[in-house]
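Following: one structure in structure tokens, then a few remarks.
Chain naming follows the written order as A, B and C, and within any one chain the residues start at number 1.
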Amino acid sequence: MKWVNISMGAVTALVSVLSFSPVVAATEAAKDNVITVYSSRKEHLIKPLFDRYTAKTGTQVRFITDKAGPLMARLKAEGASTPADIFMTVDAGVLWQASEEDLFRKVDSPVLEAAVPANLQSAKDDWYGLSIRARTLVYSTDRVKPSDLSTYEALANDDWKGRVCLRTSKKIYNKSLVATMINTLGEEKTEAIVKGWVANLAAPPFSNDTKTMQGVVAGQCDVAVVNTYYYARLMKKDPQTPLALFWPNQDGRGVHINVSGAGITKHAKNPEAAQKLLEWLAGEEAQGDFAGLNQEYPVNKAVKPSPVVAAWGDFTADDINVEAAGRLQAAAVKLMDRAGYK
Amino acid sequence: MKNEPLVAVTDYLQITDVNVCFDEATIVHSASLTLGDGQIGCILGPSGCGKSTLLRAVAGLENLCAGNITLGGRELSASDYTISPDKREIGMVFQDFALFPHLTVAENIAFGLTSWSKTERQQRVDRLLALVGLVGMESRYPDSLSGGQQQRIALARAMAPKPKLLLLDEPFSGLDASLREELVPEIREILLEEQVSALLVTHDQMEAFAMADKVAVMNEGTIHQCDTAYNVYHEPESRFVAGFVGQGEFMRAIVVDELSVDSSLGRLHSKEPHGFVENQSVEILVRPDDVLHDDDSEVTGEILSKQFRGSHFLYRVILPSKQQLYCFASSHHNHALGEAIGIKLDLDHLVMFAERPSV
Amino acid sequence: MLSLSPIQKFVYRLNNSRRTARVLLSLPVWLMAIIVLIPIGVIVLSWLHPQTEVWQHLIETQLGFLLKNTIILFVGVGVWTLVFGVSLAWFVAMCEFPGRRWLEWALILPLAMPAYVFAFVMLGLMDYSGPVQTLYREWFGAKAYFPYMRGTFGILFVMTSVLYPYVYMLARSAFIHQGRSALDNARLLGLSPWASFFRVALPMARPAIAAGLSLALMETLADFGAVSIFNFDTFTTAIYKSWFGLFNITAAAQLASLLLLFVALALFTEQHFRRGKVHQNPLQHQRYQLSKTKAWATTLYCSTVVLLAFVIPVMQLIVWIVDAENLVWDQRFSELIKNTLVIGFSAAMIIVCVGLLVVFGRRLLGYRQNSGLLRIASMGYAFPGTVLAVGVMIPFAYIDRELGQPITRWLGVENDHVLLGSMTGLLLAYLIRFFSVALGPLSTSLERIKPVYQHISQTLGANQWSLVKRVYVPLMSSGILTALLLVLVDVMKEMPATLLLRPFGSETLAIRIYELTSEGEWEQAALPALVLVSLSILPVIIMIRRSGIRLRDKQ
């Protein structure tokens, strides 16, 4: 009859789990000094900072991580009852979208205004960039001379036929890149360029930046478009990798940059504490690590990038307001679909 | 012994005008049957006649759409309600025994004894094991038992809770012939020993005769006759019963008067009025043991086929009138096919039916 | 004759009232169907807001090749899981060859490998920049042909490798249960070995094979992890594109509802093919003796499958772990394992309990009852995880807002959520998604119990509860165990619903793997992946050991 016991055990488990779980949530939420974060920035990039903040101030920070889309859907569904105080994500387009859908509240913070450059924050003051990610070119030092490279647009030229590797168009970074191109160059011109890229592809798009660069290393193609911190990771593993960074469009609009950033939710339970956390993250104390943990660029100009990042040298960044990435994202997706960029 | 009236026991089990229907089809039509306390009854019939369905209705596994069933004065089923099987105190042995494979022999027997005290339960299991002759097998599992042993365990399991009635659905059909011959009387002894009333279903008349005090012959959902085995054989009340129980042949005859008829084997006499009118064409049931081989007889029949049965031959003969009959002859009367042998009729009584309308 | 008084009759009628019993016994399957219908309803209701613009765009640029890819994947996985699953099951169940005993269980092991893990291992190993092709180019030159790995071939290879065990397990068990006598008869009637296989063995095993195949196909339709690693665009891709790219969750839901239409169609066909009896031949099982060459060829075939689908990917994971410099095995890791197991076991217990209630209800009512409801209740398995998560999340948030919070406030307990982001909500989502996984083994093992046991028990005075407790549950023990373990493995592997619905702080291995793989850190993901695979192997092995077939299989 042991199975009977097991099934009875199961029923007990059911009852206890059901009755227990809200209680746990309740006792946790009962604390006033808890900040709840929904984050699409990965856990290993935020947890060390939150832990430091807790150690310093005693304020607990709890979070869940997921893709931005599901988190936004959850925020919307929860409405006024959401436990989230902060929504953090890794793309300006998503931040703009969240702002559009009225998920953020306006923040009145001179500290943040001072720390974050104007083109890296919301015009409505409801979100702020916290680190800069540059999406640039990476080339094979064996087969490409830096003088062959010039701009993103030039990769559409015929001399790059069968030599380009790209990541999938479904990745937000490429959507934002194309969105800002639409903003600067107009839709028609951008579509022609994206079509040119697709025609020059050496292999169908990859699912991540690392694989894309490995394609270059393996000789599948000669040049790729990636975020710099992936390059940093790859080089850290093997400094001899025959790859180098190239800053494109230095004579024109500059390198495409995006931000990782955050805003305080409209229905935050603890907005003051949340604001303090954001101010701390944008401040000199945290910026080094916030960007440095992932080899990104700090938004706060008072803070130097990590030595690895600094070694890549300075570059001119595209100074359009990153909000454009959000505004034009749907258009970018459709454009890439039309161009056959998968 | 002939025509012995039934012992007047009060009718313990009463099945009255029962209909069992599945969807649109009526499987059992207006079946009636009674059984006295402590008696063993049997429903005999060809496969598909509805006998198992009737048995299951008694067990409460099927609902009635008409009629009712009572046991010891308690109404079990009627068209508008059914006491569920677990509240009927009726035991049942199924065709394939269906012992629980996850339980030992002792646990199988004790399955229905949950409300008994531990010592009572143990005593009951021991007694039943002794009764069915399987002491020492308590902790074996069913799959290590032979068919006969499984049969006996199934019986012990069904009898354990001291049911008011025991039902047995074709209990011997899964066993081979020799085992069956050995088990049938043994099971009867066990039932009598336990003084349990039982109702058995079978298609095998030898089983029915050996086990039952009372036999109900059933065909196409209808009970044709319910009587002692002797009467069912010798005084069949319907043409079906006459044909199904025992071997036999119908012989055409013409009624002469209220006591006698003329047949191709001469004039035959009945001891009691047979109730048919003069000159009516009738058919007389002639069993093989009614026809004797007699070399002196004037009537001869030509042998069509023969079966050697050890102690005797069963001949099929054709009379000059084209009437065919079975005939027993002792085994040293070995005749060839086609040979004409003298036969004579030795009828104790006449079993007569009106002639079937010709097709 | 004592007749019953009218009052007694009335009491009996109440006790026997079919209607009351019917309602009580149908309750579990009704509830289950409703729980599944809620997210479906949410998704279908999206059609109230037509999204013409998005649809026009999708139809113009995407839908054609997405459908083509989806159909290729669906048909390809269907055909290959059938070919491998059935052939392997046949060899293992019916033939004797060297190594059969260990291959018999080794062939189930890929079940422990999440598709998304196999996908990144496979690409890491076999893609252009991976070690295999690099070596190949060194040997044969840069221009030598090598099949393209990130396309149809690669994705079919991955999906088939992780999904064939479903067909294999069920077909093997069917072949063993149906035994050899029908086949031997077919041979005596003059059929060749091949003809007797196709005309006798295969049709007899059809219900089991259909069940396995439908599980594999529903997983295929729902998969997003593996296809996104391959960047192989399918129908699910369009769902995600509308949601994350075009910020149009309504259009995403509309696309999802179309996917459900496919699923309903697939389920309907499956029910059609599944119809038929479970064949059982309790006699001892005798295997065919193969000639020496054939026997070794069979060994080679079976072990190649194990090698490709399991050994090599696991080796690759181990190599990555050994190579990784900053290996983190800290406190948090044991936390991850604990969470994974606790969530997995709770879900498995609950789902199996509900499954038992449903199958018992159906058994006691008669099988023809409620089969439509059951089909609905089983549909959750084909939900793409994220779609399910959203379908569940919206009503959960609503209930929390309208019901949960007022009540908790009234009780004076400060609480954020009763359902959303609580263990309750997560477990409910698992119940929807994995109900059909448990249902399969539970109903097969119940169907194997002859109805006569029910009648026997009743005539021995057992009521329905004691029938269930003393007869059904013990006789079903191996089916219950299988259901528990299958659900456990599936829940531990599940990613998208866990991501969205988990309570704060309940990170699991699957979530850790997501975090690392989505950043392309496959080497880092190797450790949690290997731990997850190891955790899943254990139940798989127990399942094989306990499958009961072994017991009857003794010579």
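We adopt the following convention: a residue touches a chain if its C-beta (ideal position, glycine included) is under 8 Å from a C-beta of that chain, and two chains touch if they have at least 3 such contacts.
Since this is a predicted model, take the numbers as computed values, not measurements.
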### Query
What is the set of chains touching both chain B and chain C?
none
### Task
Average the CA atoms of each chain to get its centre, and name the chain whose centre is farthest from that of chain B.
A
### Chain closest to the middle, measuring from C-alpha centroids that were averaged per chain
C
### Summary
Taking each chain's centre as the mean of its CA atoms, chain B sits from chain C at a distance in Å of 54
## Note on the structure
Between the Cα centroids of chain A and chain C the separation in whole angstrom comes to 34
### Query
Using the average of all C-alpha atoms in each chain as its centre, how far is it in Å between chain A and chain B?
87
### Task
Enumerate the residues of chain C that touch no fewer than two other chains.
470, 474, 477
### Query
Counting only residues that touch at least 2 other chains, which ones in chain A make the list?
none
### Query
Which positions in chain B touch two or more other chains at once?
none
## Note on the structure
Within the complex, chain C is touched by chain A residues 1, 3-4, 6-7, 9-11, 13-14, 17-18, 20-26, 28-30, 36, 42-44, 62-71, 73-74, 77-81, 83, 97, 168, 170, 172, 175, 203-211, 214-215, 217-220, 230, 233, 237, 329-330, 333-334, 337-338, 342
### Task
Under the touch definition given earlier, write down the residues of chain B that touch chain C in their complex.
14, 56, 59-61, 70, 73-75, 80-92, 94, 96, 98, 100-102, 111-112, 114-115, 157-158, 160-161, 163, 167
### Message
Under the definition above, what is the set of chain C residues touching chain B in their complex?
### Response
1-4, 9, 12-13, 15-16, 450, 452-453, 455-463, 466, 470-471, 474-475, 477
#### Entry: Touch list for chain C against partner chain A, complex
57, 60-62, 123, 127-129, 133-134, 137, 142, 150-151, 228-231, 233, 237, 240-241, 243-249, 325, 345-346, 349-350, 352-353, 356, 386, 389-390, 393-394, 396-398, 400-401, 405, 408, 413-418, 420-424, 427, 469-470, 473-474, 476-477, 480, 496, 499-500, 502-505, 507, 511, 515, 518-522
